[in-house]
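Look for subunit A in each of the two complexes below; its partner is subunit B in the first and subunit C in the second.
Here is the complex of A and B:
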C-alpha cells in the first residue's frame, strides 16, 4: 500500500501537490516529519491524500488535528460511550486512554501537536508496540530531533516547498530529504 | 494543563490583556466581517493595509472575503496578528498588553521571526507589550524582549 508519486490537484484548497517520491504505508516502522512554511499544504496533504488513502484500505489510525482543543470534547464523549470512566480525566490521560483502547490503529498522525506539548514523545511511547508508522507536522523539528532519532532510526523528513503559482493554484513540491530510510 | 481552556484564560487575563488564543482567533468568517465587527463599519483602507502586510509573509492569497476556514492554521495566526497591529496603528492605540496563546508556535520559522520583529516594534513605537503563553503552562508566559 502506497501513496504514489505524482501530481495531486486539490482544487478546494487551491493547491497542486507534486509528490516526488511516494509514501510506503505498508506498515514498516517509520516516522515521517512534515516540514514547510505556513500554507504550503501539510495539513491538506494529511486531510486530502493521506487519510483518504488509509480509509480506502481500511487502515485504522489515530489522528490528532490542529484543533485538538475541540477534538478533546469528542474524544471524551467517545470514550464514555465505550464505557470508560473519563470524568475528570486530564488531557494526557484522555489521550492515553484513547491510545490504549485503539489496538487496531496502525498509523499515528499529529498535526502541530507540539504547540501544546513541546515534548510529545509520550504519544510514541504509549503506541510503540502497536503503531509502527507515524506522520508528524511540526515547525519545531530541531529540538526534538535527537530524541526521535534515538527512539527510532527510521526518520524521514519531508519538505513542502512552494515552486510556483498557476492562476489560483499554488504548486508545492513534496520532497523527502535524503537519506530517507523509510 | 497544556491545551488551554479559553474560559480559564479569559477569567484570569482578559482584564489586563488583549488575548489571542490559537483556537479562537476570529469571531466571524472573513477579514472584511472581522473589521466590520471591530469598527461597526467597513474599512477598505484597513483591509488593504492588512493584505499588503500579509504579502511580506508570503501570503499572496489573502483576500477580504475569503473564508478563514480555507486558510491554514499558521496563516490564520499571522492574519490575526496583522489585524491587531493594523487596528492598533489605525486607532493610535498605546499602552496595551497583548497575550498570544499558542499563536507563535503555529507559525513557521521565517515568518515567526518576521512577526516577532514586527510585534517587538510595538513596544518602542507605542509602548505596547506583547507576551506569549509558554508551551506547557500559561504561567510560564514570557514577554517578547
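Here is the complex of A and C:
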C-alpha cells in the first residue's frame, strides 16, 4: 500500500500538493517527520490524503490532531462508552488508555503534539510493540532527533515547501530529505 | 431597544411552540411539513448550507430511532392505538423544525443585547457565558464528529450499534465540552469584571 507521487488538488483547502516521492504504508518500521512552515499543507496532507488512504485500505490508526484539547473530550466519551473508568483521568492517562485499547492500530499520526508535550516519546513507547509506522508533524524536530534515531533507526524527514500560487490555489512541493530509508 | 427586540424574539419563539409543538397545528401534517421547510430555508439563508446540513445530521439518529420505535408500535398495535405511525411522523417533523427555529431565534440575540439588559451583572455574565459556550459548542460538534470517524474502536462494531455508540459519544463529548467551557468562561468573566470594577 502506497501514497503515490504526483499532484493532489485539495480545492476546499486551496492547495495543490505535489508529492515527489510516494509514501510506503505497507507497515515496515518507519517514522516520517513532516516539516514546513505554517499553512504549507501538513495537516491537509494528513487529513485529506493520508487518513482517506488508510481508511480505503481498512488500516486502523491512532490520529492525534492539533486541537488535542477538543479531541480529548471525544476520547473521554469513547473510553467511557467502552466501559472504562476515565473519571478524573489526566490527559496523558487518557492517551495511554486509548493506545492500550487500540490493539489493531498500525499507524500513529501526531500533528504538532509537541505543542502540548515537548517530549512525546512516551507515545511511541506505549505503542511500539504494535505500531510500526508513524507520521509526526512538528516545527522543532531538532531536540528530538537523537531520540528518534535511538528508538526507531528508520527516520525520514519530509519537507513541505511552497513553490508558488496558481490563482487561489497554493502550490506546495513535498520532498523527502535524503537519505530516506523508509 | 434590546428589551423590545428580545421581547419580540421571545414572543416569536413562544408563538411557534404554541402553534406547532403544543397547540392547534401539532397533528396537522401539511402544516408541520411547511414549518420544517420554512425553518430549513431560514437556516440556510442565515447560517449557510453546511451548518444546516450539520444540524440535520445531528437530528438524524434521534429521528431514525423515533421512527423505528413508531413503526414497531404501529405494527404491534401497542395499547390498541391505530395512530402510532401518524403521531411518529409528526414528532419526526416537530423535533428538527423546533430545534432549527430555536437556534435561529437565539442567533439574533447579540452580546450587546445581553449587556444592555436591566439585570444584575452576575446574571448578564451568566447569560453571556451560556451564549458563548453554545456558539462554541455548535462549532466543536462538527470537529467532534470528525474525530469520532477516525476511531477504530468504534468502527469495528455492528452497523446499528456503531451508529448508536457514535451518537452517544458525540452527546457525551458535547456535554463535557459545554460543562467545562461554561465553567471556565464564567470564572474568567467574573474575575475580569471584579478587577475592572
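In this text, the second predicted complex is superposed on the first by the 182 of 182 C-alpha atoms of A that agree within 3 Å, B and C clash if a C-alpha of one lies under 4 Å from a C-alpha of the other, contacts with A are read in each partner's own complex, and residues count from 1 in each chain.
Criterion: contacts are C-beta pairs under 8 Å (C-beta built on N, C-alpha and C of every residue); 3 or more make two chains touch, one makes a residue touch a chain.
Note that the structure is predicted; figures quoted are calculated from it, not measured.
Of the two partner chains placed around the shared chain by superposition, subunit C is the only one that A:81 touches, whereas subunit B remains out of contact.
Shared-chain residue A:112: touches subunit B; no touch with subunit C. Contacts of A:104 after superposition on the shared chain: subunit C is touched, whereas subunit B is not. Once the two complexes are overlaid on the shared chain, A:70 sits against subunit B and subunit C alike.
When both complexes are overlaid on chain A, the residue A:140 reaches subunit B alone and has no touch with subunit C. By the touch criterion stated above, A:21 is placed in contact with neither subunit B nor subunit C. When the two structures are aligned on the shared chain, A:130 is found in touch with neither subunit B nor subunit C. Contact with subunit C, but none with subunit B, is seen for A:61 once the two complexes are overlaid on the shared chain.
Contacts of A:91 after superposition: subunit B is touched, whereas subunit C is not reached. Counting residues of subunit A touched by each partner, subunit B versus subunit C, the larger count belongs to B. Subunit A residues 67, 70 lie at the interface with subunit B in one structure and with subunit C in the other.
Residues of subunit B touching subunit A in their complex: 1-4, 6, 22-23, 57-61, 70-75, 77-78, 102, 105-112, 135-136.
Against subunit B, in their complex, subunit A makes its touches with residues 12-14, 36-39, 42-44, 66-70, 72, 90-91, 112, 114-118, 139-140, 162, 165, 168, 170.
Across the interface of their complex, subunit C is touched by residues 51, 60-61, 63, 65, 67, 70-71, 73-74, 76-78, 80-82, 101-102, 104-105 of subunit A.
Touching subunit A in their complex are the following residues of subunit C: 140, 143-144, 147-148, 150-156, 165, 168-174, 176-177, 180.
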